[in-house]
């Protein structure tokens, strides 16, 4: 009879373990890439599906991929400015819908890959517009610009695919520059502000305020969405934390590095205070530290180097493009990330193929699994 | 005996059909790509062959490939300005001869692919020169610039070949910008005008003239050859019509779209009146509508989108390059067309491989043949 | 017995031939690529090895690869300005060490491929700095800039590898432009001079001095290392002569062609006198004439064409970048050389694969060997 008892005990142990796993699983359901949601949504209404694709697109801006984070970020944008929130929503939906109509690859569409460029274009059009909020004509370039992002994303993907490079935010950067160039400050229909280069001379006698500089670090994370208010920026940082703590740490670290780089080049104070010095550093740091490379001490150092490089390149490009009144957007971080992905040598071994990029924690886990090799019972120990 | 009669009747029917086909064929001999001419020219004098290659090169500018159209276009240029006509002739011959000397692929040379960039460089050098007509020293940069196009065409082809992209007019665009940059407005030997960006402010109180704007649409087709007179522009349009009616329709449509885009961005009136707003739209529309994509309603819509994109990109680039006094030439249309050729998704199925591009009507026919598959007697029904 | 005598005679003949070969060999030991040195250095101290890698890196700037030439060039730089010499030394060591730490391919490191970009960045930072010599803070950007070159070299190599193109001095050109852009003339920490475009107007009444122009030709070779003094420039030319007489001839020829191109475009006199007009021509000429192409009359003509193209492109780019106070560095020669390597047609047959590029004389010899095919006793006739 003890044989059966043993079996029962084993059964009870298993059931307890599985219930523990279930609780942990439900907690973890809302973090990471939330792939289970895709299966659940498969036969739901198109509008609901589109909403999830759009929310994924919103998080893609900040290199995450989680609809809940997307909802948080969207809330932060509406909090900062309802008009900007609306523009962002319109942008992400317009470009996702264009991708559906153009028959783009469905895995890309459902993953939100066709939404984030459109969203950024819309947000930046709103920020640079000097016609004020609720200028409804602006929806015209917003819709057109967001739709064009799909063309550019598709075309650039074909081009960069040869080196397994992602199109990233190149489409956004190209479209917004073209928009600002074709309108210009004095356009009667779509006027906009000129960007001030960070190397512009400071009026005499202004002292740098350390607290303001430190405040600029979290703002640097918000500036990825062109958001310059502290509360919403922290909410956006929280959204990244929900997706992946490792990514959030790199975001803050990168923003701090960017601010440091700005200080070393004596950029104007406004650039430091508003977080504009930090956001390219943040993006550059997030790209390398965990997302496209397996996390380790070596890639962590590379991420810091990438943040510095992004920040310095941003200062250079901002000064260059500022001579014709243009902002440098996230050209610096995008170019730096592309460069890092092309690196050869011993660091290239940490590179994760573009198609297999997931939340940094997942990347780390699948990597350790590979290393563990053929040991059995792996499935039961990792959640 | 009626068996033989039947055979005779059949014979007569066939002969009538074949004679009908022969008449139609002779009419159609002068349209399309005129491939039969190449066979006929094979053992003729080199000078005659060179003339045909040159005339093909002339039409390549406007995405056609027909020596008769080339003769018409050349006539139009001589009509508009004999000096410009001469420069164009020198340019097309110089670059074709350079290609022969450099031992470039003979199929490319006979197809006129090494002539059109040289021609455009020469025409634009003439148009921008502020030394007046018949300034014979200009032949020096014209010859050098045209010859250099062959180097660029060959090099860029190797580069772009990986994605099955054509080098198109990239060589022309690069060479003319370099020429204008290296001389500058005050050069003692080769002075030139500065380009006025389309976003330049209008003097107060000038009203837009609708008729002038409409006149700008056909002028947009002529501006592809830097020709700003109405008569020659219409003759050039006629030359395109001879090659392919579908292409001519898209040329006018694209120019109209470009003018519309110019209006929506409030460009200066001179730009609209002269057709400069329209020519990039026309090129963008022709590239997609029929030439590189099989004609259908979906690609027709794509052609219109391409025309809009080309036109807006042209306004943006013209404003940017205008800050240093440079024209944007046809950068916009060339970049847009390249982007369209890279598109993935369901539209990519309509794409015609670069090596198989022919007159739109031929493309359409060979496509329907493919679809018809193995049905016999196809040869007798299509002319 | 005469049989043995005959054998002895043969033996004596052989010994004389071999001793002659040995003397010739020892004389030739110091020319060309000095590959034997690598074997000899294999088990020496790391510091000695690093010195050799660094010296090879120094010569890579001028497309040579010989540690003795490197020592001569370094001596020339210290002669011209000890501070510049120091900066160059720091730069080449910093970037070579970064490559070692980053685990780059060891064949590349030992060949000096990771040193030359860092050296050029350091030299140019020194030349453009307006803080004067011995401004020790400059070592900070020098170290960072040199280290970054390794990232760019590695990334660009992956990119360009698809077409068997070398990364060449693209990293240097990119980094120095970014550095100058991010600091700007009024930077409180790292101020620098603005570059004067060659098309700048000359003050009235200045006559061109022929002797000065001719003096500019050897200076053009020195300007490759940003060195504007005649003595050191001649020493640098001597270093090239030691590596390969053919390369030295092309250097002078290219510089002369560049000066001629400058005269034809009426650039300002200072540009001609200082050798700045010539150095892009020299680089363009050296790249084609012997280095990347097997030497022959056809490639010699191509080298002259390449020199002209490099020189004109340099004038164009200098005028463009001069509008924002930037120098065009060696963008022109690098782009032209890349274009030449992409050429198709009959000239492509002379192209040497990037991995097999050696001193021009060696290229020539291995080529004639290929042509000679399987004829025996080849080894004894060529040294």
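As written, the chains take the letters A, B and C, and residue 1 is the first residue of each chain.
The rule is short, and it goes like this: a contact is a pair of C-beta atoms (placed from the backbone, for glycine too) under 8 Å apart; a residue touches a chain by one contact, two chains touch by 3 or more.
As the structure is a prediction and not an experimental result, all values here were calculated from the model.
S.K.: Write the angle of the rotation needed to overlay chain A on chain C, where the fit uses Cα atoms and the result is rounded to the nearest 5°.
M.R.: Angle of rotation between the two copies: 120 degrees.
S.K.: Same or different, please, for the chain A to chain B contact, judged on whether over half of the interface numbers appear on both copies.
M.R.: The interface is built from different residue numbers on each side, given that under half of them are used by both copies.
S.K.: In angstrom, rounded to a whole number, how far apart do the mean CA points of chain A and chain B lie?
M.R.: 42
S.K.: Going by the contact rule already set, what residues in chain B reach two or more other chains?
M.R.: 162, in rising order.
S.K.: Can you list the residues on chain C that touch chain A in the complex?
M.R.: 99, 102-105, 144, 148, 151-152, 154-159, 162, 177-179, 181-184, 186-189, 324
S.K.: If you look only at chain C, which of its residues touch chain B in the complex?
M.R.: Those residues of chain C that touch chain B are 162-163, 199, 201, 264-266, 305, 308-309, 312-313, 315-317, 319-320, 323, 338-340, 342-347.
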